[in-house]
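Written out below as structure tokens is the structure these notes cover.
Note that the chains are named A, B, C and D in the order they appear, and that numbering of residues resets to 1 at the start of each chain.
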Amino acid sequence: MDKSELIEMYRQMVLIRKFEERAGELYKAGKIGGFLHLYIGQEAVAVGFISSLKPDDYVISAYREHGQALTKGIEPRRVMAELYGKRTGVSRGKGGSMHMFDVERHFMGGDGIVGSGMPLATGMGFAINYRETDQVCLCFFGDGAVNEGAFHESLNLASLWNLPVLYVCENNFYGMGTAVNRASSIPELFRRAQCYDLEVESIDGMDLLTVKEAAERGIRLVRRDKRPRFIEAVTYRYRGHSIADPGTYRTKEEIQEWEKRDPIPQFANYLLKEDLATQDDLDSIDAEITEIIDDAVSYAEESHEPTFDELFENVYA
Amino acid sequence: MAVMMYRQALNLALREEMRRDPDVFIIGEDIAHYQGAYRVTEGLLQEFGEKRVLDTPISEEAIVGVGNGAAMLGLRPVVEMMTVNFSLLAMDQIVNHSSKLRYMSGGQIKIPLTIRAPQGAGMQLGAQHSQNFESWFMHIPGLKVVAPATPYDAKGLLKSAIRDDNPVIFLEHEMLYTTKGEVPEEEYTVPIGKADIKREGRDVTIITYLRMTAVSLAAAHALATEGIEAEVIDLRSLRPMDTETLIESLRKTHRAIVVEEDWPMCGSGAEVITRLQEAAFDYFDAPITRVTLEDVPMPYSKNLERSAIPNEEKIANAVRCVVGRECRDIKRKMLEEARQTREELEEEEEEEEQEATNVRHHNA
Amino acid sequence: MAVMMYRQALNLALREEMRRDPDVFIIGEDIAHYQGAYRVTEGLLQEFGEKRVLDTPISEEAIVGVGNGAAMLGLRPVVEMMTVNFSLLAMDQIVNHSSKLRYMSGGQIKIPLTIRAPQGAGMQLGAQHSQNFESWFMHIPGLKVVAPATPYDAKGLLKSAIRDDNPVIFLEHEMLYTTKGEVPEEEYTVPIGKADIKREGRDVTIITYLRMTAVSLAAAHALATEGIEAEVIDLRSLRPMDTETLIESLRKTHRAIVVEEDWPMCGSGAEVITRLQEAAFDYFDAPITRVTLEDVPMPYSKNLERSAIPNEEKIANAVRCVVGRECRDIKRKMLEEARQTREELEEEEEEEEQEATNVRHHNA
Amino acid sequence: MDKSELIEMYRQMVLIRKFEERAGELYKAGKIGGFLHLYIGQEAVAVGFISSLKPDDYVISAYREHGQALTKGIEPRRVMAELYGKRTGVSRGKGGSMHMFDVERHFMGGDGIVGSGMPLATGMGFAINYRETDQVCLCFFGDGAVNEGAFHESLNLASLWNLPVLYVCENNFYGMGTAVNRASSIPELFRRAQCYDLEVESIDGMDLLTVKEAAERGIRLVRRDKRPRFIEAVTYRYRGHSIADPGTYRTKEEIQEWEKRDPIPQFANYLLKEDLATQDDLDSIDAEITEIIDDAVSYAEESHEPTFDELFENVYA
């Protein structure tokens, strides 16, 4: 991988981190409504995978999807405006945090129903084969989704029909307050995907280079073989499930342990150690991102809310 | 005009639309090699091949999910739920996804999906296999709901449903598949959202759809011999509903009943009546009554099943009531007779029990 | 009398019934260690332990299935659907099983199951997380459906639901959890099937339930200042429905509206209106109108969401219409204003676009 | 196992076979309505498993459940009367072929929804543990049910919660007209149950002694360990899915091959070879069973249909 690519990935992770931190503040300030599920801690997964796609490959995620939306190329302005519920938002203010869509960029949305994005991804994989293109569909979901019937029906069908879908389970160890070992009969989630005759693997989702390498390979093979694959990315969310989360189900110590493996400093150190970037480079990236976020916020602030007549639009085509 | 069966008309609609548009494909349980549980998809595998006609595992949620996902990328899936009873397993995909993806995305996504589902009772299939869910689907903005009563409407509406850019729930009735009717040779469609006056009449309006259309027409025929001219309106499309045509009719007849094969509470009949009493309050002289399925799960036993479903007699009787003719409380009468018989039966049973024990004692 | 929050009243009901009957247990997502998404089950794990208060995987179909299976063996499960929106994944268990097992077995089986489900809109949760499904559940024979509006009714009805030998769908409103009300210290229950007159009035009847009860009371209060005395009836129990109390009221007021937070088509309002126009046709002088949620998926944007839900103004206005006072077409007015603003906005946007391109050309 | 037990199992299989054959004739004669799914060919599975239960253990099955209902001890009279829709039927004429219930005998029913009996069985397993008895629940379902979400959610929960449920998949190779390899990404169905941390095995469901041995062991271990197990019984249905089945999806030859392994003659030969029974013994069993069926039919014929008022009973308790 050449240097610029690596720097770009760093940039992407910082963008997500700062975007989410700001969103969290704005939520507490009452600028954002509904639920807000922050991606902080999991940045390496979205960046490693989505940066390995071609622009016309598809991505679908769940309700913790800001990171994936930004990485697929949606302007921070339009993601922030969506959080503000403004008509300039990527979903015109109708979707909100859980329902970011950008069909032009083949970002096929967040989804508020645990596990239900998987059948949709399976259908997109079907459409890709039907059209006989060489696209792939990337489907993100959490550890909690593994226990839904949708997981089972989707993996069986995708394997049976040879659909080009890469299923990426972001195992951050909790579904709301329920630890993975209290919800899954087998806590090593890649093993839950082992009864559908498809390739599975589990990777360290906190190390960008590991993710990147697995993503490149996984996506290449899905595209080549037109067969689904399953990757468990072991990661961690530093913030609560949503802003409301009391967080009583885990210890400070546990969080601190994981913070030692924070994907961003980890990758920054690599860049510095390998002389791929200087501290100045990284600082200026931080500064640049901060400007982008500031710009996104003022754009959202200044944008107008949807007008009453829009309430009745888009119900039917 | 050719005369054909309801299921043949549906089959023809599928063929024509698949020939017309390569983006149309069909998936469902046993629709390909088995030719469809009700033979609606007969021969399609042979004509269009495995790429466009696919048997699925028994996975309703994934089946509709695949329909949604493929529709999100612009294909026109026709999904068959072997019967509507199994769509209960796919409600999340239908209600949280098919009906909302467009709205949630601010209009970026289209879901040109058709979900075909046989429903209804009358074949002693029991409580889990005899249901109707039109009122559930009608309740959901973002869905369209149609329910054809004749081969002509079945073909024309299915073609419209497939061409529609929205998710359409296409309800068929299991007892209608082998009923026959005329279908033009030439290409035609029936627009979604238009009711059809199946019989003109001046005295009373019978509003109905699906299998109850034929039953209502039979009732109207019988009533004519009593000098009551009933207008029979087949809604055909339940969402959107063609309220105008209903109001027009009421303006003429001033009296109406609604006939539905489904349970009463929050049913299609309640919606029709509510719209009419709001829009046509001054036109009608008597309450609009509804003839519905009895408010119980469907029993297996033939006589019980038959007595639970609306029939010609119940409809005719309801009409007589609203037009002020002599009418009877059929149900009360049946209940009295039943209680009578029941007592006798239970006495008999006791006697037999008694004898049995006597014998045992004797042998002891 | 103690003053407590709706969610505390529910919590107390659960505690008391679990203390009273060892066969009562609770399962659901994040109800134990997390203390419940809306804190209704707070502290129950601590009091009753892991045997009787269990967190489940995210598997709605299996959760309700476990409730059914345990109920078949005589236990009294209380199942929490984290929100009613997720019950769409359990509809087969609820409709094909909970509601029918007794009937299909000829009365051998009892399903003393309570399914608690928070529902409703108002917190900008978007289309998938702001729904109401009372009309769906009301449609199904074999189910009972209740929806308390106050802490008092919440506690009394939940205790009745748990003691009931039938499956009871217990609908709570997410916006009510922190609302306060008086709850007696001493043991009491509220019977399923009885409506409650929350405010007496002679001029018009407002029929409603759940969160809309408080909103209707506020509207009634405002109307009183105009000399309109509205009677506000809280249905409390939707199936069975206490039609008698409604008829009684109509006999007095001759005018009514129904207020529901749910979509209109085949909704609870349609059912109420249909029953009244059939049973009380001669008592009412004007059509019964319904104030409902707008017939669209729920948008995220705060202003759109607020304008989609029934509010005090819409209710008061609807009442003015039915009692023949001056009333306005609020929606038409809002639409006109909106179109105005929209045009201006779109012009601005174009100008900005224009400038942007000019700048680009200039830089080129 | 002592001789009388073996003879009794033979008797049970013959009872099922003859009952089903007669039911098929009566259906064609218009005496029985609705759907009729015959168990012919699979007798060894029901008999081998259910004969290994204690009377207070629970059984739940799907819509092909006559065999299990009879083996659990329901009088043929009341099963036949149910098929006739008479008020003397085991479900008082309200259930029919797919919904036989006998709660006294702990036969918790047929179920018309593919896969949906599994969550119910899981709940019964929960109730058994809750009550702290040493009962077990036996749950029968077909190969088609393996692809339903209910399968996945049930096995995960049963394993996670240590529920005493024995899940028995009767793999007869077809779900209606769909062959198992066209519906399951892995046609060896026991492997589909391998990602829930529970014991799985696959057995020859046509050989009664094999079934019996696996059943005894499986039930003993579920009872002892209070842990679920999964057994795939490989079997075959000789008749159509239901009476309506055109049967075009398989060849005569295939059926004939399987008929060579018919569980009843197979077990008869064993009894004769081992001098556990003479041909006369077997013939008199046949004769006795024929009488029982005749009696069941005349009982059903003579019984009265439910009275109209019964339509409104049993909706609510």
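Methods note: a contact is a pair of C-beta atoms (placed from the backbone, for glycine too) under 8 Å apart; a residue touches a chain by one contact, two chains touch by 3 or more.
Please read these numbers as outputs of a predicted model, since none were measured by experiment.
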Message: By that same contact rule, can you tell me which chains touch subunit A and subunit C alike?
response: B, D
Message: Please identify the chain with the largest separation between its CA centroid and the CA centroid of subunit B.
response: A
- prompt: Centre to centre, by mean C-alpha position, how many angstrom separate subunit A and subunit D?
  reply: 46
Field: Whole-Å gap between the CA centroids of subunit B and subunit D
entry: 34
- prompt: What whole-number Å value describes the gap between the mean CA coordinates of subunit C and subunit D?
  reply: 43
- prompt: Cα centroid separation between subunit B and subunit C, in whole Å?
  reply: 28
- prompt: At which residue positions does subunit D touch at least two other chains?
  reply: 91, 93-95, 99, 111-113, 147-150, 153, 156-157, 160, 182-184, 315
Message: I need the residues of subunit C touching at least two other chains; which ones are they?
response: 56-57, 59, 61, 85-86, 89, 92, 96, 103-104, 126-128, 141-142, 295-297, 299
Query: What topology does the chain touch graph have (line, ring, star, complete, other)?
result: complete
- prompt: Given the complex with subunit D, which residues does subunit A contribute to the contact?
  reply: 147-153, 155-157, 159-160, 182-186, 191-198
Task: Could you please specify the touching residues of subunit B with respect to subunit A in the complex?
output: 25, 51, 54, 56-57, 59, 61-62, 64-75, 77, 92-93, 96-97, 101-112, 141-142, 144, 165-166
- line: In their shared complex, subunit B is touched by residues of subunit D numbered 33-35, 82, 85-87, 91, 93-99, 111-115, 144-145, 147-149, 175-178, 182-184, 246, 248-249, 304-312, 315
- line: Listed in rising order, subunit A residues that touch subunit B in their complex are 58, 89-95, 99, 101-103, 108-109, 111-113, 116, 118-128, 130-131, 149-150, 153-154, 156-157, 160-161, 313-317
- prompt: Residues of subunit B touching subunit D in their complex?
  reply: 29-30, 33-35, 37, 55-61, 85-86, 89, 123-129, 294-297, 299-304, 307-308, 334-335, 337-339, 341-342, 345
